[in-house]
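Each in structure tokens, the structures are laid out below.
Each of the next two complexes has subunit A plus one other chain: subunit B in the first, subunit C in the second.
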Partner chain A sequence: MDCTQEGPVSRGMNTRTPVIELRQITKSFGSFTAVHTIDLVIGEGEFFTIVGPSGSGKTTVLRMLAGLETPTSGDILLRGKRINDVPANRRPTCMVFQSLALFPHRTVGENIEFPLKIRDVSKADRKARALQLMEQLRLPADYYGKNVTKCSGGERQRVALARALAYNPDILFFDEPLSAIDYKLRKTLEKELKDIHRETGKTFIYITHSLEEAMVMSDRIGVMRQGRLVQVGTPNEIYTAPNSKFVSEFIGDVNIIPVAINGTGKLHSAELGAEFTSPPIPAGFRSGHLVVRPESIRIVERSDSAENRLSGRLYNEYALGSRIQYQVRVGEQVFIVERLRQQAFQGGIDSEVQIGWNARDSILVGD
Partner chain B sequence: MAEASAPAIATRQPRFVILRWLKLRPGAAHALPVIAFLLIGFAAPLAWVIMFSFMPERSFSLLNEPTLDNYVTIFSGTTYRSFLWSLGLAAVTVILLALICYPIAYGLTRVFGRWSTLLTLLFTIPLFVSENVRLYGWILFFIKNGVMLGTLKSLFGYEGETWLFTEGMIVLGMVYVYMPFMLFPMTLGVSMVPNETRDAAFDLGASRWQVFKEVDLPLAMPGIVIGFLLSFVLAVGALVEAKVLGGQRVIPIVHEIELAFTYAQNWPLGAALAVLLMLVVGTLVMLVLRRFDLDTILGRR
Partner chain C sequence: MAGATTSGAAGSKRWRTALLWAWVLSVVAFMYMPALSLLLASSTSSRYFIFPITRWGFDWWEKTFNSIEIHILFKTSISIALCVTVIAVVIAFFGALAFARYDWKGRSLFQKIVLLPIFFPQSVLGLALLLWFNAMGIPLSWKSTVFAHLVWIVPVVTLVISIQVYSFDPALEEAAFDLGATRWQVLREVTLPVLFPGLFSGALFAFLLSWGNFPLSLFTTGADTTLPEYLYAKMIAGYTPGVPVLGTVSTMMAAILLLGGYGLIVLRRRARLK
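For the complex of A and B:
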């Protein structure tokens, strides 16, 4: 059985009322199908992140939700009402773009006030609201008259968010707004964004190609691949129970062993010439991958009771701060093993080691 | 090696004695040929024209006593009409060009896709043909029994009056001739407006018109302003359109200048007219550039 065929599982919605719903959404550009029959329900006040590699169709999904693209088929429902034909300027949604799309000919204040000016809010009220938002987003008040092109990357990020919040939308969309920002500032802004989400209680729909970023902020994550939603779940579910090789690889460093059922009904790796005990094998499973996280594999001593064992050679080690990562080669296959720094392996590079893991720490996925 | 040769370069003296004498820095010394070229080729003729404008009527020498007679003649006569015609025709032309070119520029950058290159080429091709030839082409098209009226007559028996030799025809000719000078800078301007910025304004609740007014227009303004200036300055200097298509019904200021220099053999008067035209157009251009600081529009300052 191919586990990806199970389709997305909508877990983690808990008791939220649905705010936006995609029903069998497909979007084609000419002969190219960017988005393929997506079904998804996002709850009120949820922080939902769509993750996928570039070209997986995630931006197209967001643009359809924002009203900047129309689906080729299927329906988009906002609180139960079909909004396919409602243009972007009449949807209670607002997008923070990848390029931020700030108005370069306007000051910080004018940028933030733009949606209010469009609604003919009086000048004094506009300014008051802008200053209030600037304070909330930790922009100094004297930036009000500053040329927006003179702001730093992080400041522009905040201006873009303030402008979106000034529109006072029910749902905010984010199209990889942090992708061009350096690591340290990105980490800060990720947390700030999650705080803003908490403070405003609005629904946030976020797009990124970094599952790590998604994990930090999201209530739920949807993973996209080639225009399809391959898995939907809480960060914990995605992390502990990926439903395919693709999703498990996407999370980061992970050991993947191609396996098949052999004559005796056991999991067998032809490359490693070894049999494995694994979690229960689904009926009909013929071949797939055994996924083991680096922290679940250990370098074993003779007395260890690990259910699966392989002999290999320690090829290299990398210090990751709190942890140390080891590269162990078993035949042609490279395994990544992690240990806490305090429990560093004492044997040197090139020493013969045995690695092992327990069946319950491994995940069996389809191709 | 490197240590030894470095001081040698620093202390090397200019080879030409005059440069050493002028105590010029190397940068200024290298600019000298260009400065000399500009002085002889550009500033000197201009200075000659300005000086001639202060010479007595019909004189051909700069050695006479300077006088303001030419300016007095111009301000007491009816030459101002030619000024007004030239400025007016140029203004109408530029406004029409802006209205015609913006949709085309928008289409070229956002709508026509891969056909844009072909269309751009089609707009460029007429530039390879002499302006006079193209204008006589219009004569053949509009003249009585010409392409248009001749066809109407033979097919439908309709006998109309020719539109040639009217003010409208002059404007048509000018719009046609100066179109590329508005279109291409404008296309560049329109292409500088990022799609995401337009999407963002629309997404923030702006109507299509508001997006145009608040985003498209201001961000395309550098290209639009350059197009305005380029086509206006050229249109003020337009001469053949009025001569050929207007049948000398209107005498633009450039025609007056030409007449003064040739037929009337009155160089000082022509020079004075030229100086006044330069002043008027120069002032207008300065005012526009002050109002629309291109760097500010682009957010560079």
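For the complex of A and C:
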């Protein structure tokens, strides 16, 4: 299936003024091409997240934007001006590193003041600004003189963000800063970061391998795979209209059925020996995958009018808190079905069940 | 039955502890008794070293410290050690960055070549340097010895500093650069302070290794004499209890420097962890 109905550039980019623009950016290290002809426009004040598995080239893209790497070919434009050769220390951008890169020989206050000290801001003004940022980021004022290596993970995150904000950049970059943080704190920090984004109105460009994290915070998401930008869109677009099997799989559990067009022009699965009603099939489609999200599949009761049905055996069930996940085995394939706890399925493990979904709840994608 | 086993186990454990302590004490005695005997030998008032000491006294300490010859000895040894320390730390700092911080073509070869001089027999190295200085027409003095010491000490100091560099997060430099610092500011504000403990131990190593070095000095000082050379010469001909006095002073200086340095690092760490 061809996914070029809409170019990845235009999608979801609303009426914002472009602040940073990548034109045909390629980056090679020796014979290895880390980033492959990327085109992307990011708008003023946008929270843009680049998602991809490790080795997909997302960090390289960010490092080029920050000025820590130079593109092999293509141009980077900041408000229309080419900045390929402007080094990192002269760009109005600042990065929060994966390791946070806090200076271990300095206190919390000295870390935050670093960019101000570089600019010869007076000691009193520096301190005032540092304390102001600490308050904004919910760091207690008595942490000012605290050794930065003695701070907890969440506090260190806030110090790193405060230091970046002290530089007063137009654009902030984040290189997976939350990857080493435990789940609960990460959820809190994600929301805080989104709040800071709204308060400051600055452009945030974030990198993560977790699409879930990207969903929570971003205005738009770009998905990268093997050095290429495969889809750009709002979180909702990425979730409901992935343009490939790769993107659809990226967000947690999903049911994927390999399908092909059969003689009668309908979708057919050889493995399951079944035909499916699907959303409109694009012209030229031969084979691909039918994607159905677990919450769109249901265990079919007698009165149900599901357009697609399969018979299987309830194989296992998992309590996920507010939801219950069922695994239903149909032939060799395991389907994931989710229900709210209140609507728990009453039959036991190993009972014969029918699962079903409506055509409009499924997505047809290429490989 | 069970009680007997327990007390038996406790008994054997006590024995093991006692044996372990005996072993540790004998090793410590073996290592430090010679230094102590040096102190004993220097505390006699007689002309020769006769044991047991019959006339105790510190006459030789006074005589030694009042000798102008000894003053010059100290001056020479300290000058060499200080010059070696400064030059070695500067060269080794950049060497250690190339050794451990940056990934470049030929790094693995560089690492091997740099470390090789540590394993040269020092007397052979001294002789080779002597021949080399002669061939180059360089006059021998304490200055040529500085160079000779550097050949052996720079690799050691490079290794010492490299250990610190290996634990250095390169993102620190990038972060400072990204926050607006120039390359020079990055070096001054981040790289040097973070690597300071390594540089400091490197400096201590350089000073102490130069201070105690005999084989390289022997071949390369020309008319100048260092402390270890003097001790050796006096042992060959003209022993006085002034020799152990100098030996004791030399050892104590090294020990004080080492302990002082260690104390400084501990204090600094404690201040940081406040």
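Methods note: the second predicted complex is superposed on the first by the 361 of 367 C-alpha atoms of A that agree within 3 Å, B and C clash if a C-alpha of one lies under 4 Å from a C-alpha of the other, contacts with A are read in each partner's own complex, and residues count from 1 in each chain.
As a working rule, a contact is a pair of C-beta atoms (placed from the backbone, for glycine too) under 8 Å apart; a residue touches a chain by one contact, two chains touch by 3 or more.
In this text the structure is predicted, and so the values were computed from the model without any measurement.
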*When the two structures are superposed on subunit A, do subunit B and subunit C clash or fit side by side?*
clash
*Scan A:Arg119 for contacts with subunit B and subunit C and give back first, second, both or neither.*
both
*First (subunit B), second (subunit C), both or neither touched by A:Ile336*: neither
*asked:* Is A:Tyr167 touching anything from subunit B or subunit C once the two structures are fitted on A? First, second, both or neither.
replied: both
*Identify the partner contact of A:Asn89: answer first if only subunit B is touched, second if only subunit C is, both if each is, neither if none is.*
both
*Which of subunit B and subunit C A:Leu22 touches, first, second, both or neither*: neither
*Doubly contacted residues of subunit A, that is, touched by subunit B and again by subunit C*: 66-68, 87-90, 93-95, 97-99, 101, 103-105, 114-115, 118-119, 147, 149, 163-164, 167
*Of all residues in subunit C, which touch subunit A in the complex?*
169, 171-172, 174-182, 185, 189-190, 193-194, 196, 272-274
_Complex interface listing, subunit A residues touching subunit B_ = 66-68, 87-90, 93-95, 97-99, 101-105, 114-115, 118-119, 147-149, 163-164, 167
_Of subunit A, residues touching subunit C in the complex_ = 66-68, 87-90, 93-95, 97-99, 101, 103-105, 114-115, 117-119, 147, 149-150, 163-164, 167
*Could you pull out which subunit B residues touch subunit A in their complex?*
194, 196-197, 199-207, 210, 214-215, 218-219, 296-301
